[in-house]
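Labels A, B and C are assigned to the chains in the order they are written; within every chain, residues are numbered from 1.
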Amino acid sequence: MSDPLLKVRQLTVNVEDKEILHQVDLDIAKGETHVLMGPNGAGKSTLGYALMGNPRYEVTGGSVAFDGADLLDESADQRARSGLFLSFQNPLEVPGITLGNFIRNAVEQRTGERVRLWNFRKQLEKECEILDMDPSYVDRDLNVGFSGGEKKKAEILQLLMLKPKLAILDETDSGLDVDAVRTVSKGVEEYQKQQDGALLIITHNTGILSSLKVDYTHVLVSGQIVGGGDASLVDEINRDGYEKYEARAKAAE
Amino acid sequence: MSKEKTYVEDVDRSLYDFRYDESDKDFYKVESGLTPEIVEQISEEKNDPDWMRELRLKSLEIFNEKGMGQWGPPIDGLDMNNIVTYVRPKTKMSANWEDVPKDIKDTFERLGIPQAERKSLAGVGAQYDSELVYHNVRKEVAEQGVVYTDIESALHGPYADLIKDHFMHLITPHDHKFAALHGAVWSGGSFVYVPKGVSVEIPLQSYFRLNAPGAGQFEHTLIIVDEGADLHFIEGCSAPKYNVANLHAGAVELFVGKNARLRYSTIENWSKNMYNLNTKRAKIEEGGKMEWVSGSFGSHVSYLYPMTILNGEGAQMEYTGITFAGKGQNLDTGMKVVHNAPHTTSVVSAKSISKDGGISTYRSSVVVNNKAKGAKSSVSCASLMLDDISRSDTIPAMDVRTQDADVGHEAKIGRISDEAVFYLMSRGISEEDARAMIVSGFADNVSKELPLEYAVEMNNLIRLEMKGTIG
Amino acid sequence: MNATQQANNLVVNHLPGQTWNWLKMNDARVAVDASAAPLEAQITVPEGLREGGALVPIGGGMGPDYDRWIQQDAAVKAYETAEGQKVAEPLKLTYALAGGKTAAAACRIDAKAGSELTVIMDFAGQPEAQPGTAAFSTKLHLAAGAAVTLVQIHRSGAGQRILNDVGAVLEENAKFNVIHLVMDGASTYVGCQADLKGDQSSFNADVAYLVQNEDLLDTNYVALHHGKKTESRIISAGVLRDRAEKLFRGTIDFKKGAAGSVGNEKEDVMLMDDTVVNKTIPLILCAEEDVEGNHGATIGKLDDALLFYMESRGIDVDDIYEMIAKSKLEAASRLIPDQAVREDVQDYIEAHQVQKQ
């Protein structure tokens, strides 16, 4: 079997000198959709940030290979250019840079080619339509004054435009109403279709997953992966909670 | 992968730094230093009317009496005995670009001055050292009755009395030491008169170039916008870098009539051996509006606080400024406003960036007099520190003497958020570019207010300054 | 020296970053007698608090000129806590101001590591006091983890000039709270400086004032951030009327090395007529990248909507103004930790009749 797209081995991560993730293993192959579940404070977002290379999250052990290359030596922008994407739970507001210009700049970095303005605008408008997003957002400052829902849509818009190989969606569905969740998951579906893109979805809810084919589910408790299974595990956890897994995590300590 | 660069001493200013050696035979200069004889000599050279010669000599006396304030950046490096106050290129002012001497023409052409005129300006003045070498205004604008000329010619023309009634009435030689110096040795600059009700659709521009080493530039800009008229005036400044101190002590006097509007935009990019001790002042009548747009990037030391006197009911002022202090720079900028009439308003957005040991200070005063019932003032300052060897101070003063005023001030200081940098990097943008983007975005209060080509120039300056900030 | 009548000119309340002289905000000049009489307090010492304690020189907000002058003649009281001691009851010092000859008092507090103490000083004018000057100096050292709250009540009555200097040095994790109420006094000069020397130390000042009857208030609050992750918060709220003049100086000074520090400063002033002079100058000085500083000021009249709202509930306009004038003092008085003092101050505010002119 060929190597998976993402291969995480024994990953240990500290935040402000406190160990949050302990020796995590994770494999994601091209085109697969994985779900990461876990109670609050389990370290789910930490895993996302550590994979993306946020300097506040210090990797103290283990290895991460992405698309055959060692990921950990690379800065966040290099990781992005090699095809990794993280949708932020709380996207930052950056005054003075429009969403459109920002995406164009990022696409140019990703592809290494100049983007022709006219084609770019057309594609952007097409993707906005999929996301049921008013195209005027493209000319507004990045995330500034966007509602929670618009921020999440702007993240998915970037996902569609940047076409990564693996996208990590960190609670992209949190705080959204049913309609917005449906729109966002339509965007994610589009990404799967267009790119045969792999996904790691960090979530509490099944809403975003209903229209997506889930290949694996992982359970993260107290910084350790303590269980896994197929898509049915999502329903099981929603029914029974994390109790069983919390006991496992205790036992492992 | 290796990073593009580690550290750059100074930004690449080659666009501004080119220079021709000024062999003395092509230029008329006075001796360096300051004596009544030199002032008389300048006055003679310029064929001043009597009142002007007296103003110069009186100003020199005041200059010699006045001390420096205790509050600003040090100007020890400035020795008046070494400053040449008057350098005149041996050419007459021309309204025809072809007649400007080749080396001077080349200098301005590299700065894009005549191209800009052809494209988007209603008129252009170009000053080289102490004198204007070129002045032109579009025919259709001139036909509206708009006057745009050098002050020296205007002093002997039909507007002589108008100038006498306004010249150094708003900024007087008593104001401070360098206003007095200006009064004594001023030379060059522009006179603009926009008649009643005339709206000048596209901007007028003056460009100031100080080429001679160890020289001072003391241009005087006098603009009168009559009742109901409207004007946008742009000034640009640059100089090549020398190892000796240069001095800029210009004066800008702006008179905005009833219901008139004046926008005054400046992109200042003096070289980093320049002492920029400039004074700008505007008086606004009833219903008039003054808009300042100011980008300060160059100079070794700057003292710059455009002052607005809101003198008539309902007069308004807006100030939008950015100051970028890099290595070796101490830029003390801000504004002053006096609310002197009812229902006057002032709105200020000031930003500053400090980097590589640069010092930026925002200094301001908002005075609301007893007469200014219903006055409103709102000031917002933001400072960005890019490292821990730089400095950024905010010194805003407010003096309010009526209950019926609404005065608000807010300021904040901070750094570029690591999270914002990471967010941009996570989309594939390099750290250097991410930081430059955030800084450009921070400065967009000013770039949004500038005509496109100036906004582009300003963003280029920021990009140059931000190059190599990551070790 | 026999020069009781000989005047000294002190330069006090020096603004930490200078600006244009014509604004007359850079400092204040006060003429004082060359010497002063020691001013004794009526003191309630809580159980377990000892007299004594050694203090190194500590700078205050009024500045070195004032320090030199007051040190000559002031009656000095010094107290120290024991390590870890939580002093339950406040230390109370009441200064009865009779006017006449210039009087001076100094107090030193040496708060040992982990101890807690509240100090309440009452500058109370005597009925029928002569015009005069009373000068105070309070210097505090807060060792690691110590927490001190200092309440100073300015109610000297008409005719008195108060000079009040506070200076504190804070070691690691120390907390210093200041509550200043300025209720009257012909002229009041307050300087208050906290040197946040130790990491994670914090300074908190709540200032409230009502200035009227041609009175003057001149203040200088300074937070010096030296340590890492230090915090300061300066909140000033007041009302001016009847030819009052007030100058508020507030400075957050981030020194190099004060990484992770946060400073916040806010002044809210309500002006009640057109005879007042209100000057406000809030500074942020910064030589460190990793800090967050904010300041704000709002200056204006009573909000029309609020006025209308209160009128609609049947309150007379004059009464509304009176209520609002006292509201800032009332709010600050609720912060006084000692119930008896709190009630006494609230009674004073309540009874306080304004001589409308």
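Criterion: contacts are C-beta pairs under 8 Å (C-beta built on N, C-alpha and C of every residue); 3 or more make two chains touch, one makes a residue touch a chain.
This is a predicted model, so every value here is computed, not measured.
Ranked by how close its mean Cα position lies to the mean of all protein Cα atoms, the top chain is B. Annotation: B-C is the more contact-rich of the chain pairs B-C and A-B, by number of C-beta pairs in contact. Centre-to-centre separation of chain A and chain C, using mean CA positions: 53 Å. Chain C has its Cα centroid 42 Å from the Cα centroid of chain B.
Look at where the CA atoms of chain A average out and do the same for chain B: the two points lie 49 Å apart. Within chain A, no positions touching two or more other chains are listed.
For chain A in complex with chain B, the residues that touch the partner chain are 52-56, 75-81, 85-86, 88, 91-92, 94-97, 102, 105-106, 109-110, 141, 158, 162.
For chain B in complex with chain A, the touching residues are 1, 417-420, 422-431, 433-434, 437-438, 440-444. Chain B meets chain C in the complex at residues 69-71, 361, 363, 365, 370, 373, 383, 385-388, 390-415.
By the touch rule above, chain C contacts chain B in their complex via residues 17-21, 23, 25-26, 254, 256, 259, 269, 271-274, 276-301.
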